[in-house]
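Shared chain: chain A. Partners: chain B in the first complex, chain C in the second.
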Partner chain A sequence: MIDALMANILWMVFIVVGGVLISWSVHFVPVGGAPAAMAQATGIGTGTVQLAAGAGLTGLVSAGFMMNVTKDLPLILASGAVGAMIMISVTMIVGTWVYVYGVGCVPSSAKVKVDPITKYRQDLYVSQGTEGHGLPTVSFVSGVIGGCLGGIGGALIYYSLIEVGVTAGLAASASSSVTGNELVGIAAMFAIGIFFVNAVIPSYNIGGTIEGFHDPKWKKWPKAVMSSFVATILCAIVAVIAISQLGGI
Partner chain B sequence: MEPLIGMGVLALIGVAATIAGASEDLESDVGSQSNPNSQVQLAPQMMFPHRIYNKAVSGEPPSNALMCSVGAAVATVLISEFTLSPLFALVIGSLVAACVHGTFAVTSTMGRAASQRRFKQPVYLDMIRSHTPVIMGYSFITTFCVLIVSYLMTVVLGHPFPLTMLAFIWGITVGAIGSSTGDVHYGAEREFQQFEFGSGLNASNSGNIVRYGESGVRNGYDNSWFCAKFGGPVTGIAFGMTVFLGSWVTTIFDPAVSIARGWLSVVAGVVIVLILIIWNWKIEVKARNAFGPYKEDKPEEASA
Partner chain C sequence: MSAGGAGGGATAAYPQQTIMAIGAVGGLAGIYLGHFMPPAFSFFGGLGAICAIVWGADAVRRVASYGLGTGVPSIGMIALGMGIVAALFGLSVGGIAGPIVSFIAAAIIGAVIGVLANKVIGMGIPIMEQAMVEIAGAGTLAIIGLSVVIAGTFNYADVVQNVVANGYIALIFIIGGMGILHPFNANLGPDEKQDRTLMLAVEKAAIAVVITGFASSLHEGLMAAGLNIFVGLVIWAFAFMKYYELVKRDAFSVVGTGLLPSAEELE
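Then we have the complex of A and B:
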């Protein structure tokens, strides 16, 4: 068991890096939680974990598809990032349609006086009794960065787990059947699990709502990243032992 | 695979995803799920008893992931062990998932309404009887379309993930998208139509949801009727775009041909994201001009 861990130490480092990236990425995603669904807070009207997971897992689907045809790590990571970025930016643009055309409110932030990117005044456009609403440009860009980092993190974890399995003598070829490939299935399952662990940890920092990298809460990220670092090491040990022992069966 | 066949399959996947997104949002409107349901839950406590189905099984992503995984697991067993035709297997899988979802919906709405007895919230049995089949119908459509997407991706496009895994991931994604886009139309607009259009919900009006419909007392049907005009279709467009654009870049620039093509697909994806950022900025500027500032800039006024 110790041998298996030592033989896969590089992949474990990659898994931990991926976990830390996911944890950091969640701080960038502008989520407004339940208040945003009533246009009471800036951001996307859903929970932190759910949106980060939705974007990251879409990236995982893209990365899994890319890994099927190439073994080039940068390309796999880039495709994971692109998949997640597309999901989150499509969600945000459609969210903006609903906020502007359906609800009739101006995208505005209550945390800053001027948008750091467009330099537009924000405080005058926050309607009475709310904490801002919609997605101003800075939140949109922040969300795209979050999706990018989360996609890279998820893809890195998935790639490492597949490599652990390949080292143990398992094959990761596509089977074109509904049951799929065993190694791919278990690697994806562990990747999703590690993704959720690292998406939940930052939610304690965020506490329901965050507007993006301009939000004061964003500065708290080192705490979540340290916690994720420790948690992912434990996850990596379990995942690597489980997958590397599959080769011996 | 022939690029043309790939594009055809992709178009089918996009259509199925669009229908899944729309029906997912309408299912959460007729049964009231996810974040806007916090107001439905709050209303009786603010002395506004209502006749709206109060189903919050869980957040939308987990509940849709459960539905889709149950359907995919049943379909996988039927296809691989009983060699049933995939179409039948997907239909039967979706049917089982819809029944499971219906069970959760009934237990959660009854539990929630009953727990609010002290606020004089009635348990409308006729409402539960009439709404549950609609909820199950929508959840059947959602599950079936997500299963179609996952099945085509696994078997035809050769995605390495098993059917159940893909269905789980797309279930999480469709729930996340539905809860972030279409639900805002239900939560911020439909639930609070008695307040002036053109601003967010004032926190002091929380819980004061509209309880009377166009005719009689408002129920979940009225909400899905209204949201079917805007919230539902845009959710469908969002999920369809996510699934379609995510696969489109790799179908046009096939990374199996060469690594350079793979990088081109990444560039295409980044260009799409940049276009969306600019689009969002344009809408923001338009909204600022259309709805104007809500407050006057006092310091500047004083100096003038």
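Then we have the complex of A and C:
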């Protein structure tokens, strides 16, 4: 068991880096939670976990596609990042359409007086009794950055877990049988498990809602990143041992 | 704005020790029975999963009553995230003691995350550490229990072959998580009652057994799958009727709305 851990120490470091990236990425995603669903807070109207999972798992799938054709790590990470960025962008643009044309409110932030990117005034357009609504430009850009980081993190974890399995003597290539591929299945499930743990920890840190990197809450990220660092080390040890055991059966 | 919970401990009719005992002992007993009995009796794993899911839902109820700041679903997802990592680890190294090793690994991961949430992030929920241990343990037992329904055993090689490799594990992940997070999420509010919430957990867990019963037909054959589905359906019907009764008990009044008015009546 200890041999397996020592042999895979590099992959474990990658898994921990991936977990930390996911944790950091959540702070960029403009999550509005239930208030945003009623257009009473800036951001996308659903919870952190759903958003992070949606974007991150799309990143995982797109990284998996790339792994079919190459073993080049930067390409795989780029594929994961682009997949997650597309997913989060689509979510945000459709959400904006709904807020603008459906609800009929102006995308505006209540946390800053002017949008740091467009320099447009914000406070004039915030409806009374709300904490902003819709997705102003800065939140959109922040969300895309978050998707990028989350996608890289998810792809890094998945790639590392597959490499741990390859070290243990398993094949990662596609199989044509109905039972599927053991290594791909188990690596994907561990990646999803680690992803959820690292998506929930920062969502507790930000208290469920955040507007993006211009939000004062964003400065709290070191706490969540520290927590995720410790939690991911545990998950990485457990995951590497479980996948190494696959080689023996 | 805190979603769910008024910020205080939850009142309970059944003491938490009783529910913990049902969840941990019932969960493990069901898993071992499902493992050692012939494949036709794999529904015992499902009964274990029901016990574990009820326990998880009760733990979610207690911790989410304090107001997590983010919706209740997040804690169900972290339960299954920790659970899946711990479950596969325990089965891979534990052999015959697999579920117990998984359970202990889950408790350790849960305790660490609970301490981090309170000490580093500063959530300030007094029962966070204990609740995280319970939720992680319940999530683990639910995953192993539902895996036993599909594979008929918790032997690592068989679980990997029959549950993980073909992707049924993703199904277990979501329906198990739904059983743990949904009951409190659906019932929360000032009039939330423990027995109603837990009855909804039984009902959701029974749906999980029915769905895994369908999935088990691939490996265990139609007879065993039929028995799994039948057991799940019986429990579901009982729990649903009971839940509806409790809803009627707690509601101010239950009235029928009648059919939609026709076009003439609207004019």
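Throughout what follows, the second predicted complex is superposed on the first by the 245 of 249 C-alpha atoms of A that agree within 3 Å, B and C clash if a C-alpha of one lies under 4 Å from a C-alpha of the other, contacts with A are read in each partner's own complex, and residues count from 1 in each chain.
Just so we're on the same page, contacts are C-beta pairs under 8 Å (C-beta built on N, C-alpha and C of every residue); 3 or more make two chains touch, one makes a residue touch a chain.
A quick note: this is a predicted structure, and the numbers were derived from the prediction, not measured.
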Exercise. Kindly classify A:Gly169 by the partners it touches after superposition: chain B alone (first), chain C alone (second), both, or neither?
Key: neither
Quiz item: Does chain B (first) or chain C (second) touch A:Thr48, or do both, or does neither?
Solution: second
Quiz item: On chain A, which partner touches more residues: chain B or chain C?
Solution: B
Exercise. Considering only the touch criterion stated at the top, classify A:Pro216 as touching first (chain B), second (chain C), both, or neither.
Key: neither
Quiz item: Is A:Leu57 in contact with chain B, with chain C, with both, or with neither (first, second, both, neither)?
Solution: first
Self-check item: Partner chain(s) touched by A:Val82 [first = chain B, second = chain C, both, neither]
Solution: first
Exercise. Once the structures are superposed on A, label A:Ala239 by its partner contacts, choosing first (chain B), second (chain C), both or neither.
Key: second
Exercise. Applying the touch criterion given at the start, work out whether A:Met67 contacts chain B, chain C, both or neither, answering first, second, both or neither.
Key: first
Quiz item: Where on chain A do the contacts with chain B and the contacts with chain C coincide?
Solution: 33-34, 47, 50, 53, 178-181, 184-185, 189, 192
Quiz prompt | Touch list for chain A against partner chain C, complex | solution = 1, 33-35, 41, 47-50, 53, 178-182, 184-186, 189-190, 192-197, 199-201, 203-205, 207-209, 223-224, 226-227, 230-231, 234-235, 238-239, 241-242, 245-246, 249
Quiz item: For the complex, which residues does chain C have touching chain A?
Solution: 1-3, 68-71, 73-75, 77-78, 80-86, 88-89, 91-93, 105, 108-109, 112-113, 116-117, 120-123, 156-157, 160-162, 164-167, 169-170, 173
Self-check item: chain B contact footprint on chain A (complex, rising order)
Solution: 33-34, 36-40, 44-47, 50-51, 53-55, 57-58, 60-62, 64-70, 72, 75, 78-79, 81-83, 85-87, 89-107, 118, 120-121, 123-130, 132-137, 140-141, 144, 172-181, 184-185, 188-189, 192
Exercise. Provide the residue numbers of chain B that touch chain A in the complex, in ascending order.
Key: 34-36, 38-39, 59-62, 75-76, 79-80, 86, 151, 153-155, 157-163, 165-166, 168-170, 172-173, 175-177, 179-185, 187-189, 191-192, 197-206, 230-231, 234-235, 237-238, 241-242, 245-247, 249-250, 254-256, 259, 262-263, 265-266, 269-270, 272-273, 276-277, 279-281, 283-284, 286-288, 291, 293-297
